[in-house]
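These are the structures in question, set out in turn.
In the two complexes below, subunit A is the common chain; its partner is subunit B in one and subunit C in the other.
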Partner chain A sequence: MFLELVQLIVNGLVMGAVIALPALGLTLIFSVLGFINFSIAAQMTIGAFAGWLVNTQLHWPLVPVLVVAFVVAGLLGVASDRVALAPMRKRPSAHMALMVAIVSIALNLALENALRFGFGSGLNSFEMPIARDVVIGEIRIGPQQMHNLGIALVVSFVLAAFFTVTRVGKAMRAVADNPDLARLKGIDPAKLSNLATFIGMGLAGIGGALLAIDTSVDPSTGARLLLIIFSASVVGGLTSLSGAVLGALLVGVAAEVSLLAIPPVYQSAVAFLAILAVLLVRPSGLFAGAAGVRK
Partner chain B sequence: MFSNQRRNVLRASAAASLASLSPFAFSQSKEPIRIGILIPLTGATSQFGATMSLAAKLAAEEINAAGGVNGRKVEVIIEDDQSNPEAAVRAARKLIDVDKCVSIGGSYASAVTSAIAPMCWEGKVVLETSSGADSITKLPHQGYVFRTSPTVTLQGTRVGDFAVELGSKRMFFMGPQTPFAQSYIDIISGIMTKSGGAGAGLIYEDKKASYRSEVDQALRFKPDVIVLGGYVPDTAVVLKDLYRAGYEGRRIGYSFGVNQKLMEAVPAEVSEGAYSLVPSAAETATAYKRVVSKLKLAGLDSYSCQVYDHVVMAALALAAAPNAAPNGTTVRDNIRNVTQSAQGKVVDSPADGLKLLASGSSINYDGASGPLEFAENGDVKGVFFRYEQAQKGKLVVTKVA
Partner chain C sequence: MTSYLVFMLTLAGIYSLMSLGLVTIWGQGGMVNLGLVGFFAVGAYASALLSQTGIPIGLTLVAGALVAGLVGIALSYVTRPLRGDYLAIVTLGFAELIRLIATNEKWLTGGSDGLAGIRSPLKLELGTLHPYFYLLVVWAFAGAAALALTRLLRSPYGRAIRAVRDDEQVAAVAGKAVLQLKLKTFFIGSALTGLAGGLYAHLTSYIAPDGFVPLLTIYIFLAATAGGYTRVVGAIVGSLAVVVLLEGTRFIAAAIPGLNAVQVASMREFVIAVGLIVIMHLRPEGMFKSVNQSSKPEPGSKKLPATFTQRSVLNDQHAHKAAVAPVRAA
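Now for the complex of A and B:
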């Protein structure tokens, strides 16, 4: 029973690691731009396709593949944001955040179907050998999954350093905290919003590529996990970067550990119960105000 | 959730416009007879969607080249069900209410068929389906439902018998929530128990990035055969996780999960040795050979052949009753007259069938998917299966029975 629990926690951490990076991206964009960008699912898929192309066509190994996924998803994320979402944001409206979020859902569908049109709806596989799990004291651990968890942690530490040490990072936090005051200090929010979108979508791209290595590359790769990513972000408080990572790990672990009590088919309900419980007890999210863009 | 709303409008409309451009022998001033085809062009069950669409259009072309039905052109209207019951209901509403189709063919995933079946019988439109769930023909469908695919009970029995034949003692079923998952567990476990073994199973959620915990649960049962009841995207992940966990026993899946698409979705070492049970088209039949050569393909799956037959059956049924109103009820009342009439002349093409019907003879159409004989409840009788095995990333036929 104890071993089983440990195994479930390990599996949950692996699940959480995959959704941590996109959740981080979603949180970053929300912190700086003030709306939920649902097109993150499509950018995950774009990252997966970009990585898959250089992996299968040019035979690049994992790390360069992830860099390509980051850059392509980031650039396309900024481009699609400029084309579809930025004009909406300029309209003064009390419901701006909601309207842009809804347009981002439409953008997500448009991008996903563009991929479907270009690549077909078949499933594709990375050219990466699948490693057998190693067993350490009766606990089964996947080397690739641990690798993913490591990459997610490294990326979030780099990001945390970026926000606390660099000038641009601090400026971003200033915009997130009070855009008007930041503008008075000579910070241009438009430039920062592009950078935030680039980094956020790039993270989604890495997450998508890692996810696709474990599952498959197809136009719905990102969309399948959109809701659980959103829930990880909400549990983490939506504006806290470390919260997003912790929220993702928590949602992953909660979903897997719930298997002790409930049949697997109801698993995703656990993610939504987590949102509900967190919002009832702490409406601003578990880790809001801990550390991140908005202190 | 958001992917539920996507529609591959481009493809669907392109398909519809192509269908409407299909050549016909002479100018007909009357409205065409519309036959709806509701198929998965996108989504988890879309592996046969493209060929289903080609097969439906080919059937309409052949019918129209032979002069159409009772002097009217036949038009197939193809809609994408997006592998999603909710989208399927919207598409079926359009086919029934707007297009006034006499029948709806295709209808592949059991969840889709279960959702649209009541709309069909309420709207007095024939539903020709290639879904497997037993529950479908148990619905109070008033004869409007015809199933050309083997039922889940039959497919489950075949998989259970096959597992026993391979020497398996302990079976574990893993599949997503579908109208047939529990039936598979019960049927196959029953067969295992009868032969002195044991069976169990779990039903998982189909959109996960990892099934490690589910695999752990399965392996605790110590199975020597795992039956994969999922569609391609989830089966790919389950197979990878079984491989990672070091499972070396047998794996048997169904054609909707273990097929060529899956071979492309996982590395060869992961799929190596997995079996697949595939309902087989009537590969020796003249109709099958003609369809395959006209589509310029090496071979065609059973489901696409069934869609071809769906269009042909509806057209022939209407042609058999030239004086009746061309509607769904007429199709329902005449399908058996043209597919299983004992005194009818056996035909294997819509052209021959239409010619004989016009001269007042009775016919017995044997299709590309099989001889098409329907039981009282609408289930097809006499189906063949191919047993395939993944070898070095390719599916190889091991036997046909």
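Now for the complex of A and C:
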């Protein structure tokens, strides 16, 4: 029983580490641009397909595959944002954020169906070397899980450095923390929007590729994970970057540990309940220090 | 062919009810419901399950609408202190939860096999005339809902909810019970969606989780925006237009040679999604622009001079745009 619990927690942490990347992307975009970009789900799938193509056609190994996933999802994310969402954001309206969010849902659907048109609905597997599970004590960890965890940690580390050391990174954190104060200091959120979208969608692409390497990729890969990513972001406070990572780990562990009590099909229901629970107990998120989400 | 047309018209009536619900919540109330399909499914399953116990269908429809409406109140209450984005996420998640429950709770919903043999009023008695009868029933509901909403939105409640939509703080300062108004509005909108679900269940006599995909929510958003998302008449015209578009793309996509079934389906969904994006860009007000509902007093009643505050609340749209534009530009 105890070992089973530890195993589930380990699985949950690995899953959470991977979810953390798209959750971070969603949070970054929301913080800097001020709206929820639902098309992040499609960009996860796009990243996964881009990685799958170079992996199966050109036989590229893991790390270059992830770089391709990052760049392709990031570029397509910025391009689709410029075409479909950016013109909407310029309209003066009290409901700009909601209108853009709705358009981003339509964009998500359009991208998903474009993928389905091109690749069909079937499941596509990566060609990755198969290796034995690592056994520590009686806890089993798959090699892919180790890779995922390691890569998620490296990416998080690079991002942390980017946000603490570079000027642009600090500006983004400032906007996320307090948009008004950031403007007073001469930071223009609009100028950061392309970069924030590129990084955010790129992270979604890596996350999608990692999850797809573990299982397989099909046009709904991202859409299936949308709720759990939102729940990681909301648990973390929706504007807190470190909160998104912690939220993802928490939601990942909660979703895995819940398997002790409920069937696996309800894992995304756990994500929904986590959102409700956080909103009831601490609406600004468990890890958010600053305002920005309250009205 | 006739039965196909009748079925499509009936479906347009059901979409109209959902669009009316969305117009109430979104166009008039300024809140967003991205889980329309969840409320639709709740109404459908509630009405279908209750009708199996022998309760008259009129009552089960009301019950389905009530359950959906109460869920709507709960979800909008939970997100009350937060930006509207949270309500969007929570309603989206709710729809997903409902789909999971419908797929997995076999004892209640029949799982992915669905519920079959759902009763429909007077089906045996009317025989082949039943589809025509049901068409009238659905459009009677849609017409009644449209009429009731038109009157309601002209009433003081309607003006108050538009004031809340445009600026909650101003409305609160003017003494409006903001939370209560929002909950009421969300209740009305989700109850209409639930009613549409019930009517759908008794129309097709078979419901399954496959019928409640998120795509339906997009259809209704397209219907509401195409018609004009703040307008009652827009909801109905938009729903008819969406059904025509949906069926039209079915024929067009089937006519393109060399496409397999998956490609045909994905092309139709792509067209719908792009259609919504294009309309939101080019003509977000839809076919019927938002107007300031008549501020003229009823004929015969004493004419009141409109004070500044009254006018500013009534001319909500323009006043708000004018007020917001310079702030954004700054």
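Assume the second predicted complex is superposed on the first by the 270 of 295 C-alpha atoms of A that agree within 3 Å, B and C clash if a C-alpha of one lies under 4 Å from a C-alpha of the other, contacts with A are read in each partner's own complex, and residues count from 1 in each chain.
Criterion: contacts are C-beta pairs under 8 Å (C-beta built on N, C-alpha and C of every residue); 3 or more make two chains touch, one makes a residue touch a chain.
Worth saying up front: this structure is predicted, and the values here are computed from it rather than measured.
> Put the two structures on top of each other at subunit A: do subunit B and subunit C fit, or clash?
Pair status: clash.
> Quick check on the superposed pair: does A:Gln7 touch subunit B, subunit C, both, or neither? Answer first, second, both or neither.
First partner only.
> State whether A:Val18 touches subunit B only (first), subunit C only (second), both chains, or neither.
In the superposition, A:Val18 contacts subunit B only.
> Have a look at where A:Asn113 lands relative to subunit B and subunit C in the superposition and call it first, second, both or neither.
Touch partners of A:Asn113: subunit B and subunit C.
> For A:Thr56, decide between first (touching subunit B), second (touching subunit C), both and neither.
After superposition on chain A, A:Thr56 lies in contact with neither partner.
> Contacts for A:Met88 in the overlay, against subunit B (first) and subunit C (second): which applies, first, second, both or neither?
second
> May I ask you to decide whether A:Leu279 touches subunit B, subunit C, both, or neither, giving the answer as first, second, both or neither?
A:Leu279 contacts subunit C only, not subunit B.
> Looking at the overlay, does A:Val265 come into contact with subunit B only (first), subunit C only (second), both, or neither?
Both partners.
> Does the superposition put A:Ala97 against subunit B (first), subunit C (second), both, or neither?
A:Ala97 contacts subunit C only, not subunit B.
> Once the shared chain is lined up, is A:Ser121 touching subunit B (first), subunit C (second), both, or neither of them?
Both partners.
> Run through 166-174, 202-210 or 310-318 for subunit C and report the one that clashes with subunit B in the overlay.
It is 202-210.
> Based on the A-chain superposition described above, do subunit B and subunit C contact any of the same residues on subunit A, and if so which?
Looking at subunit A, the two contact sets intersect at 105, 109, 113, 116-117, 121, 219, 226-227, 263, 265-266, 268.
> So in the complex, the part of subunit A that touches subunit B is made up of which residues?
So the residues of subunit A touching subunit B come out as 4, 7-8, 11, 14-15, 18-19, 38, 41, 105, 108-109, 112-113, 116-117, 121-125, 129-133, 140, 142, 145, 211, 214-216, 218-220, 223-227, 256, 259, 263-268.
> Any idea which subunit A residues touch subunit C in the complex?
Within the complex, subunit A touches subunit C at residues 30, 35-36, 84, 87-88, 91-95, 97-99, 101-103, 105-107, 109-110, 113-114, 116-117, 120-121, 219, 226-227, 230-231, 234, 238, 263, 265-266, 268-269, 271-272, 275-276, 279-280, 283, 293-295.
> Show which residues of subunit B lie in contact with subunit A when the two form their complex.
It is residues 1-3, 5-6, 8, 10, 41-43, 46-47, 49, 176-177, 202-205, 207-210, 212-214, 216-217, 232-233, 236-237, 240, 243-246, 261-262, 264-267, 269-270 of subunit B that touch subunit A.
> Within their complex, state which residues of subunit C touch subunit A.
For this pair, the touching residues of subunit C are 30, 32, 34, 78-79, 81-86, 88-90, 92-94, 96-97, 100, 103-104, 165-168, 215, 218, 221, 260, 262-263, 265-267, 269-270, 272-274, 276-277, 280-281, 284, 320-321, 324-325, 328-329.
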